[in-house]
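Just below sit the structures, each encoded as structure tokens.
First subunit A sits with subunit B, and in the next complex the same chain sits with subunit C.
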Partner chain A sequence: MKMYNDIRILDKKKIKDLLKSANSEWNIYAPIEGIGGDVYFDILPKDDKIVDEVLNNLSIKNNSNIALSPKDIFFPQMEVLFNIDKDDFTETIESSPKLIFGIKSCDLKAVLFTDEFFKRNYEDVYYLSRMKNRLLISIGCLTPPRPGSCFCTSTGTGPFLEEGYDIQLVDAEDFFYAEIGSEKGQIFADKYSEYFDKRTDGDTAKKDINKIKTKASDAVNLKVDFDRAVELMQDDDFFPNDNYKRIGERCIYCGACLYTCPTCTCFSISDTVSSNKEGIRFRNWDGCVFEGYTREASGHNPRYEKYLRTARRYEHKLKYDFKVTGTSGCVGCGRCLESCPVNIGMSKFIVEITEGKRII
Partner chain B sequence: MAKTLTTCPYCGCGCGLYLSSNNKMLTGVFPSKNHPVAKGSLCVKGWNSYQFVNSKERLTVPLIKKNGNFVEASWDEALTLIVSRLKDIKNNSGSDSIAFFSSAKATNEENYLLMKLARAVFKTNNIDHCARLCHASTITGLVSTFGSGAMTNSINEFEDAELFLITGSDTTAQHPLIGTRIINAVKDKGAKLIVVDPRKIELVKYADIYARQNLGTDVAWINGVMNVIISEDLHDKRFIMERTEGFEELKEVVKDYTPEYVEEITSIPADTIKQIARMYATHKKAMIVYAMGITQHTTGVDNVRSLANLAMLTGHVGFPSTGVNPLRGQNNVQGACDVGALPDVFTGYQKVINPEIRKKFEKAWGVEDLPDKPGLTVTEVTDGLYNGNVKALFIMGENPVISDPDSNHVRKALQNADFLVVQDIFLTDTAVYADVVLPGATFAEKDGTFTNTERRVERVRKAVDPPGAAKADWEIISEIADRMDYKGMKYNHPSEIMDEIASVTPIYGGIDYDRLDPWGLQWPCPTKDHPGTPYLHKDKFSKGKGSFVPAHYQAPFEQPDEMYKFSLTTGRLYWHWHTRTMTERTNVLEREAPEPFVEMSMEDAERLSIKSGERVRVTSRRGSVEVKVVVTDRMKQGNLYMPFHYREAAANVLTSNAIDPQAKIPEYKVSTVKVEKL
Partner chain C sequence: MKNIYQPYPAKIERIVDETFNIKTYTVKFINGDIAKSFNYKQGQFVEISIPGAGEAPFSITSTPSRPGNLEFTIRKIGRVTTKIFELKEGDLLHIRGPYGNSFPFEEVEGKNLYFIAGGIGLAPLRSVINQAFDHRPRFGEIKILYGAKSPAEFCYREEIPIWKKLPDTEVLLTVDNPDGEWQGNVGVVTTLMDKTKLSPLNSVVYVCGPPVMLKFVMLKLIEMGFKDGDIYVTLERYMQCGVGKCGHCNIGDKFVCVDGPVFSYRDIKVFPERERAV
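And now, the complex of A and B:
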């Protein structure tokens, strides 16, 4: 249910100044293009002298291929839980204000999904503190950033969303339409109204926006029968043995699919302590494709064989997430396929089980 | 949160990756999408390469051994002691009583400085590093046949190959992103795969032909393949005539190696030899890929030459997606060799015995009388320490107690040293023997370059400061030089060191840090406008005409006998890296492979009544370890396999230090052992 009808105009030429202006109040994470053309979220420096240089590489193209989702802003790949000093320990928690600018719709959906995960059953103080004071300004893709890999229209997670964002930017070439989606977004747009121009003819804007959004959806070339895949996987008797075996054999167990997946949240906890009893307890990304992940203290492993670990991964995303939350864990971002060195990915698995093809 | 583009510290693939960091420490890693090798992927080690950097077991202050215990010291104390002791030893016992082990993990700049320290300051050519233990036979073998010892083609060319001949390389374990290119080419593009390996490696499941030869019989099977190619008229006569010399001598040698004779020696069926020959000869884009299984033998050089002969025989070199491709293991072993951390050459393989070359370096370094005879190799240094000829050893980033053959001998040798300095990031199994330990920096904590296996010189960038008082290795070496009153190591930044390297090294001539953005340059890159070289020996070999250098089969040094019935071979796992100092401090990796093991064939296990999981004692002429057994069809009857990573059951306690006479590389791949149930 959309509560906010406000649509503003954000001139593209003014974005750098907007971010510089907001930089005093927020820690801003924006997509930056690095030396070789890779795009990743980076935090804007506070130093005025350097921030201009960084902003020269701001990547707000409508199809920026952002390497990692902003999952690691709230759930870092390695994070210190507490510092150990002999017999004392001090917890490390932070809730600095974070503005995530330029997040894509699929990644935004994933963030909302992981928000729920870290609240459900057990409140994860580390994640929940980090996301407490947060503003999400998304940019919808007009063309797929990972053509051939991403499939947000099949998962219903993009290229634009109806809700969940604080502000959703719709690319209209020289400017963005800024759709306000929450009270936080409203407050931000009002505070920075110098950049968020109120002058729009509401009806023309809405027509234009719908045209842009429709064109963007049509541009998503990879389509898979996601709903059918989820439906098949709900059936406890459905176990695509042959598919799991082939995937399990081809997989090289690099972990990329889990590490790049915006909704994967598994982690391991370890200590590292020096000889004079100083150190840290940390947690870091772990994953279900590794054999040791389900190995029990006795040495027994209910998922020792490779195909059982493959099954684990796909059942988690397509079956159990849905059973438990009503939403699937896959947001169609396509990063698993893009980062897999042997060309395995969710879209291919879905094609295999829904169309009976063998493409992996 | 900053994101720093750098190069993976693990293997010779040299994947480009980003280090994520907050202002205190690394927080993660992700691959570069546009990097030519990574292409958005990494292996599990690369993905987890942030963790060991953050370990609280890092060395953070210099340590000096007093009364058998390490005591924390200041840099001044430690370096003063080092300089005074080395000066004494040099004056009393001569320059050549001091030796240096450089590091295939450290940057090019650091390797260059350590060899410059050894030569210009201490006037010794006793500088070597672990390439001696892995690809020394490659360098000797390929220099004599092609004129250049490096991998001839590039990693991306694997994607378009029609055929791979993989021998002595467990590619998916040790060079994952090359292994995956092979898998993709075979599965998605129909490329052919021939695997010749005594162990049934992962890639065998994709192979069109798999041959399991007896250990150390590679010259025989390769000669056999050439015998068939010649007798069936499949050789490339035009290539041979225009591009090579010595074909008649080759023909003369391989004519004895009929498939039937080869079967006797190798146990590969005669028919399989024929199939391999026909398949390899008739596919134009055919790549030979090899690693330790070929090099780590007393006949390592002959093995390498035989592969080179095979490639020349069929004209499979000097074109894209062909060639002879030795996969260099360490992230910078190629670079460490390129910049001269070797006893017989300066940078760029320019020989120390050449007076013109010596003059050039004397001029560049502002010294006179650079030593003119090749120095000692790593195993010769170990022997030298043992018998007292070598009195002092300076080790940077190496762990010979676990990595060198005959560990017991290495330990005794180190204990016998008058003075031992170890510069490393952790207190390794070797560092515990040191008189002085210096805390160095990891790849994440300094600027520099690594050169990957396809000759790509790539940037390494600092993302975080080293912990405590630890320093970048190039800074430490520079300070030692300064304290030795040598003024030629005053660099403000590693880029200046690379500029110096480029000025004296023709193959690196066109390299500077600006030109290395974004994805490095593949040498030869002789001038500032040269774009780098994807594949070698186009139109002519580095030495002009390629030389056939035929070899006869010679058996490995140790053969099974009544006492030692088994042949043991060694190798590496996907999860661990070499002496495990980095990967044991990475929770996911350590969990996946926490324990040492010995692989035994099902036939042997049944005969000895041993089950998987049982512990046995494995004993060679050199030592003994207790280890659990894994019964598997990966090894054939009579052979055993152990990964060398684990100090708890160190395979190198057992291995022989018999060496190839030309390259001085030890025969890790064949030692005889006996097995007893515990």
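And now, the complex of A and C:
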């Protein structure tokens, strides 16, 4: 694989202009802060006047707590698969060019992991066409956006990455260092070279970047023995059923952890058709913690008991994802703990099994 | 790129009433190219849909060695099957597939074939049973042990007497609840396993039925000396997408829809015990 060493300077004041300038070429998704302080990836409007208003709320703070990973850009929470007209099923494929600006390292790892899932066995045409023309510009976190929940240094997925990004932005207060990571990233930086300043002294820049990255890693204060947890879970006979049962007693099975999880991909397919036989076939996110998820038409449910569904969630991420792909499906984003109404999360489960503590 | 979720219309050519809530549908794809390219193996399944009601998985009960007839035996039990039961001959279904692996066939030539089924569980086994009859000299003895709740709830009641007359073939039936006319065995299907000689040597067993039946059949087969690698089970799970994506049918690191639905008992035993229901 070709290595890209190019480092540019991106002036923070010029970012809005860069995005506006690239907006004709790409559908741009960027973190936008809402009135309530919540941050989501929103698509920038094409209208010049409206885009200014939206960009006023652009959240490129190095620790923006983006509520959802951009997984829903490629795998929408609700996605039409077919338009139905009587007995005709017409596929609805979306394949616009997408620039994801401001994605976090953990979420970027999750996107790459999810890409492989949708390619495996049978190719999922909906996901693959949504992602085929895509540019990922990441911003590493200097401090954890979800303090006490983020544990990316334990999973090796942040706060900065060595590869996988097209461009990685490193916050240096007044400006970003822009590390080019792919041919696509190089082409983009060259095309918009008026924003990506080439005048960097390579060695000084690298030293400066390394200093920032080290400080950022040190700032991730929640550390768990992730490797040990995965190693334990790889044992075919290791089933911490007592932990599952205790978690099962507390879990309210709301599904917040899996909706916010950047690598959860389960879905259900449904139809809605009107009396004149026109309608849609669509899929929406589903999840293994729900009682109806495994229930068969006969009423038989292999995971009727709650703790079996808890077990599935943890074993999928730590046992089976690793067994199949060599990588765990957990990227340490901490959203499961952050979103949990009863304070349960992957990091806590890991502490329980690796340290033998009861903290749930 | 082929769209793995694209269903294709198929016309219902024939409907046979099997029991009060089970019918067998013979269908034919409208598009000749689709019909030609639809090559399936014994034990595979499809997703059948009715626009508006959605999709559900069904095993193919017809036999690859009898091309032209694509058959599904369907029990009215949920949203999709209730809609299917409203259809008449000439109406359309929408089908995608075939999916999943298959029952071993060429690999078990020369062996005795034993089939143990409960209720509609005979549907997927019928595919390999007829495949075996179409290649009869290649196999040893064939025994079919079939249980139903009551005498009126056996499927394939015209075909079973034909099977019984075939050489070196035994068909044993049992019911849970006999009526006045029933002369045969009464009891669960495991009781039939004592009524005939089942040799664990040079034999393979194919099993399909409700979870509780599977559990007791497995226990008994192992007790009789069958090796877990010689027992094949087709598992029932909520296989919603059929292509290893939606996740509903996962067990351990496997998807029943892609890695199964046919598993040897040896493979099943690797699954977490609390989940395998066998």
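To be clear about the criterion, the second predicted complex is superposed on the first by the 357 of 360 C-alpha atoms of A that agree within 3 Å, B and C clash if a C-alpha of one lies under 4 Å from a C-alpha of the other, contacts with A are read in each partner's own complex, and residues count from 1 in each chain.
By definition in this document, a residue touches a chain if its C-beta (ideal position, glycine included) is under 8 Å from a C-beta of that chain, and two chains touch if they have at least 3 such contacts.
Worth saying up front: this structure is predicted, and the values here are computed from it rather than measured.
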Subunit B versus subunit C as contact partner of A:Glu338, first or second or both or neither: first
Which of subunit B and subunit C A:Ser268 touches, first, second, both or neither: both
Which superposed partner A:His316 touches (first subunit B, second subunit C, both, neither): second
Which of subunit B and subunit C A:Arg250 touches, first, second, both or neither: first
Touched partner set for A:Asp72, first subunit B, second subunit C, both or neither: first
Subunit B versus subunit C as contact partner of A:Gly34, first or second or both or neither: first
First (subunit B), second (subunit C), both or neither touched by A:Gly279: both
Contact residues of subunit A, present in both the subunit B and the subunit C interface: 268, 270, 272-273, 279, 286, 295
Contacting residues of subunit B [partner subunit A, same complex]: 1-3, 5, 16, 18, 20, 25-35, 40-44, 46-48, 50-51, 54-57, 172, 176-177, 179-180, 183-184, 187-188, 205, 517-519, 574, 585, 587-588, 591-592, 594
Partner subunit A, residues of subunit C touching it in the complex: 1-7, 9, 49, 51-56, 77-81, 92, 94, 210-211, 236-238, 240-241, 243-253, 255, 258, 270, 272, 274-277
In the complex, subunit A residues that touch subunit B: 29, 32, 34-38, 40-43, 65, 67-68, 72-73, 76-80, 249-250, 252-256, 259-260, 268, 270, 272-275, 278-280, 282, 284-286, 290-292, 295, 338-343
Interface residues, subunit A side, partner subunit C - complex: 81-82, 84, 86-87, 89, 91, 118, 120-126, 128-129, 236, 239, 241, 265-273, 277, 279, 281, 283, 286, 288, 293-298, 300, 302-303, 308, 311-312, 315-316, 319-320, 323-324
